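Below, each structure is written out as structure tokens.
Next come two complexes built around subunit A: one with subunit B, the other with subunit C.
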Partner chain A sequence: MADTGEGRKGKPMEDMEDMEDIEDMEDAADGFIALDGLEKVFDVRRRVGAFRREKRRVRAVDGISFRVARGEMVGYIGPNGAGKSTTIKMLTGILTPSGGRVRVAGIDPSRERARLASRIGVVFGQRTTLWWDLPLIDSYRLAQRMYRVPDARYRANLERCVELLDLGALLDVPVRQLSLGQRMRGDIAAALLHDPDVLYLDEPTIGLDVISKAKVREFLRDLNAEHGTTVLLTTHDLQDIEQLCGRVMVIDHGRLLYDGPPAGLHEVGGSERTLVVDLERETAPIELPDVPDVRVVRVEGPRQYLAFPATGSAAPLVARVAAAYPLVDLSVREPDIETVIAKMYVEGATVPEDRTTV
Partner chain B sequence: MADGSPRALAWRQLCDGVRAYRLIAVMGIRSQLTYRVSFAVTAFGNFAATAFDFVTILLMFTQVDALGGFSLPEVAFLYGTSATAFGLCDLVMGSVDRVGARVRDGTLDVLLLRPAPVLAQVAADRFSLRRVGRVVQGGAVLGYALGAADIDWDVARVVLVPVMLVCGGLIFAAVFVAGAAFQFWAQDAAEVQSAFTYGGTALLQYPPGLFAKDLVRGVVFVVPLAFVNWLPALYVLGRPLPLGMPDWVGFLAPAVGAACCAVAGLAWRKGVRAYRSTGS
Partner chain C sequence: MRLYVLVATGSLRRYATYRVATVAGLFTNIVFGLIIAYTYVALWHLRPHLGGYTLPQAVTYVWIGQGLLAATAIMGGGFEDELAERIRTGDIAIDLYRPADLQLWWLAQDLGRALYQVAARGVVPLFAGAFFFDLALPVNPLVWAAFLLAVLLGLVVSFAIRYLVALAAFWLLDGKGAAQVAGLAATFWSGMLLPLNAFPGLLGEIARALPWSSMLQLPADVLLGTRGGWGTLGAYAFQAGWAAALLALGRLLQAAATRRVVVQGG
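Let's turn to the complex of A and B:
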């Protein structure tokens, strides 16, 4: 088609409604999950004084657009109240968007919530879908019937989940007696019994110990690799992202700040890791004129804190310190997400061009 | 979607709803049975509490021979139809008034993620078998009334009694659902609908002649509880309808029930779309 200005690639919003029937076909090109200028505005009423009330509009999600292809594993991060959960809730049909457009597998979530439900799996870290008073297995049997999963497939899926998530001994235990980590694994299994195309995880590792975290991560990695399940997860834990996701999106104040590989996050955010060195005795602040971008940020007696760019390796720095100073012990601290994002926000980082214009 | 006609869609949704209701209700009953003693105590309490309702009426009749011109069997007929209709509705839909709590703490999220109508899930949520007590008790009083009251039975009257119970249940259900829908905006408004449901049954257990005309107008034209039993029941008893209405108005109960359900359904849909969830 000749580009006459009318047949632009970027479709105007009004035309979207008429194109619904061909949307399923467009899926592959358009992204399995597609958001265009998605918005959610809440009216918050606050009591001011005894009788007066003040109404305030909060833009929890303020015009977010992105595409996720089938089989991608994407991290969705941001500080508390950034709009992560609100986005997930619009993607699953729990909340109705105030503006913009959202499609998951070609379905408008809030209008065809029930139809979408059988194609997605959702795990809320802080809210279980399991039946509190009944043995774990009962929740799974209910899920099988609710989602109309054929017996053979149900058995195969359950078997796989039980094996990989180590649930064998827990199936007959009432859910209220499970530990947080056990319940989380139980919840993840419950979300996967109907073979969803997309799995949303909201804080899947929150409150878990190191071993449980590792177990959950390993399982998600395998799921994505073997079944091609699209995974979208929100987290506060940068390690979740680094170990699992090839792509990360950062939002704050309801806007997308960054969309790209996790490594680039540090670049854009200009974040720094910290090398903590313990020396034999107190010395003057370490000086390494031949290693650029390293500076001492704090000195506590024999302990010194050196900041260096998170994009570089710690190895050469460690070697230089060890050669020049009486080194006793050392550790490396990762930058936490909050700091990275805070920095990004202050510096007004923008989304790379190629992601915003599809 | 293979079959997209609105009627087929509505039918499928109804079937899905009933199926989901059954699945969840069974889970609920099993959950409750893990606390057996508590179940037994509340079941008995529920039965006893509703039974006292009718004892009040019996006590009144030890002092008077007629209440608003109605004999004991006639009042029992009003009581029985109202209590049974309400009991049936309460058994099936009584849990919907808990939606406010789910809206407040955000646990409605979980229900919205299942491939089943939310209303069915909310209604089936913690389905309590002990509510059967109310139906049994209302049914017993109705049985007594049917035997003892002096009714001039014909085909229309025979048909009208079960129709009355079903339509009455639907009207109460509509009030329950509309009240629950309102809780999406005002989360602690469960008491508002209780005024109409529990208050309504109490009102309908007595002859309309006992109440002020404006109140009667209100339950005919505004919240049409009068169609639960008053209007059809007065026809069955061969009594004149209040406000000088003609006899055939009693036969409008099914239409009124259907209209109420439609309005409540729309309100519910609007409520779900207004759901705001909570931060997590």
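Let's turn to the complex of A and C:
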């Protein structure tokens, strides 16, 4: 992980200079968020022997470039330690990039963090911005003061969030007494009271039950559709991406592996879904010579696991199995994101350079 | 500005929700006050006018100290544990992207807490002391007002020191050790164990010149009236000077810390 990035070290200077021309075109439709060869390098000291310490460079973000247009809803995924949160931290200005450049709404985040803050909203699934010991409403009053939201607008936004996120009964409840799902909805509302142009969500559905997940997704979809809020979300849940995002970016080891529609991810990753069938009795492994690309991967008594390409539909397969075998029950398992990415990474499936800067 | 007032009142209300803790703290204050006060009674019988205090003044000093112990967070218990913990866990990231000044934010929070504790933990120990002992408390409301101003300045100095200690967590990754050392230092140098006036020779000179004397020794002297009118102004100047210097140092450290910030845990 230390220095795999030799090849990318010398990002051509001409590229950088070309970028200067486009600089600060704040509302240029195709570059509301713009990253060019963004890098973040950490020096990590590691102990070797009793007294000696070795300095090691870790390239957490290793030359990432992309554009996000205003009103886009983009998924940003990758395994743990891929560099997702580091990217988000540079986008919010908490971390200063080691190299390359980043602009959000024409603003250099680390240099003008305070000015940018009023235009972005941030939700961390694993942390809360709310005031732990006080009723939810106090956190919202605080947000109003902090972002200097005029009273009328504050009331309107609060009303909308309370209604859509179902917070009415919770406003007077101390945050520490909220369930995780309630707290997450409370956090999302807190991030939106000042009408941010961009919303960053860091694993917004982590740990939530199915109903809470659905509520959060529905709200985000409406927010994006009605207010044109640009949304960048990181997640480990492939369903978040499939249900919300028209575009997904995959990173690993600090580099962009894929940038395109979620469906294409399965194509590039060559991922497979699994059809689990329960038969009436144990039989020999299912054989369907006329359905291509299907194979039995596991047999557990009367239960059999069939892998088929994630790009195809399960319907014809199900029909064929039902016709030829004594079918009792079935379910379809989606490939999880880690597997897809792991596969992509192993196979070295990378997108052509020009597609990474769409 | 209104933002920070809101932060302070929120913090005040937050501490006010823990009533049992307040009562337990008061009980501790009274027990410790009794122990130290009886020790002083013995000491002042052996060495009358030690540090220029009469026995009633010395005993009053004890109860002022118990009344301010929680507010000044001399032995810990202020915002610093929370801030150090947020640095350790990475929650500090949330504080950093807010369009608010980190230092003012935490100052407002700590002052809110301290104001609650001046009211909730400050008054009862004085009454308890007056019940058991003959205290040298002034009747002039102006002296009390002067005292409260000195207390306020002392609270700011106390905050400024603890802010430095909490920021050390950026480098130490765990702030508990630093907080413990700071608590011990503050307990000794603030005069919580023995009035700094009673420290002999050079040690006394040093103790009275250090910022910790702003927290208890100077406010107590203003209330006891041992410094006179100009002495009170001198005390304010001393406190304000240390407050400004330490807050400025805190800003420098904050800038250095946020530059090198490696937010942990994600």
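Brief remarks on what is shown
In this text, the second predicted complex is superposed on the first by the 321 of 358 C-alpha atoms of A that agree within 3 Å, B and C clash if a C-alpha of one lies under 4 Å from a C-alpha of the other, contacts with A are read in each partner's own complex, and residues count from 1 in each chain.
What we mean here is this: a contact is a pair of C-beta atoms (placed from the backbone, for glycine too) under 8 Å apart; a residue touches a chain by one contact, two chains touch by 3 or more.
Small disclaimer: the values here were computed from a predicted structure and weren't measured.
In the three-chain model built by superposing on subunit A, subunit B clashes with subunit C.
Contacts of A:T274 after superposition on the shared chain: neither subunit B nor subunit C is touched. Look at A:Q243: by the touch rule set out above, it reaches neither subunit B nor subunit C. Contact with neither subunit B nor subunit C is seen for A:T311 once the two complexes are overlaid on the shared chain.
Look at A:L95: by the touch rule set out above, it reaches both subunit B and subunit C.
Of the two partner chains placed around the shared chain by superposition, subunit B and subunit C are both touched by A:M146. When the two structures are aligned on the shared chain, A:A117 is found in touch with subunit B and with subunit C. Comparing 2-10, 164-172, 218-226 or 236-244 from subunit B against subunit C in the aligned model shows that the clashing stretch is 164-172. Within subunit A, the residues touched by subunit B in the first complex and by subunit C in the second are 42, 85, 89, 92-96, 113-114, 117-118, 120, 122, 124, 126-129, 131, 133-134, 138, 142, 145-147, 174, 202. Per the touch definition, subunit B reaches subunit A in the complex via residues 1, 13, 16, 20, 23-24, 27, 30-31, 34-35, 106-107, 109-110, 112-117, 273-277, 279-280.
Subunit A makes touch with subunit C in their complex at residues 42, 85, 89, 92-96, 113-114, 117-118, 120, 122, 124, 126-129, 131, 133-134, 138, 141-142, 145-147, 174, 202. Residues 2-3, 6-7, 10, 13-14, 17, 90-91, 93-94, 96-100, 258-259, 261-263, 266 of subunit C are the ones touching subunit A in the complex. Contact residues of subunit A toward subunit B in the complex are 42, 80-81, 85-86, 89, 92-96, 110, 113-115, 117-118, 120, 122, 124-129, 131-134, 138, 142, 145-147, 174, 202-203.
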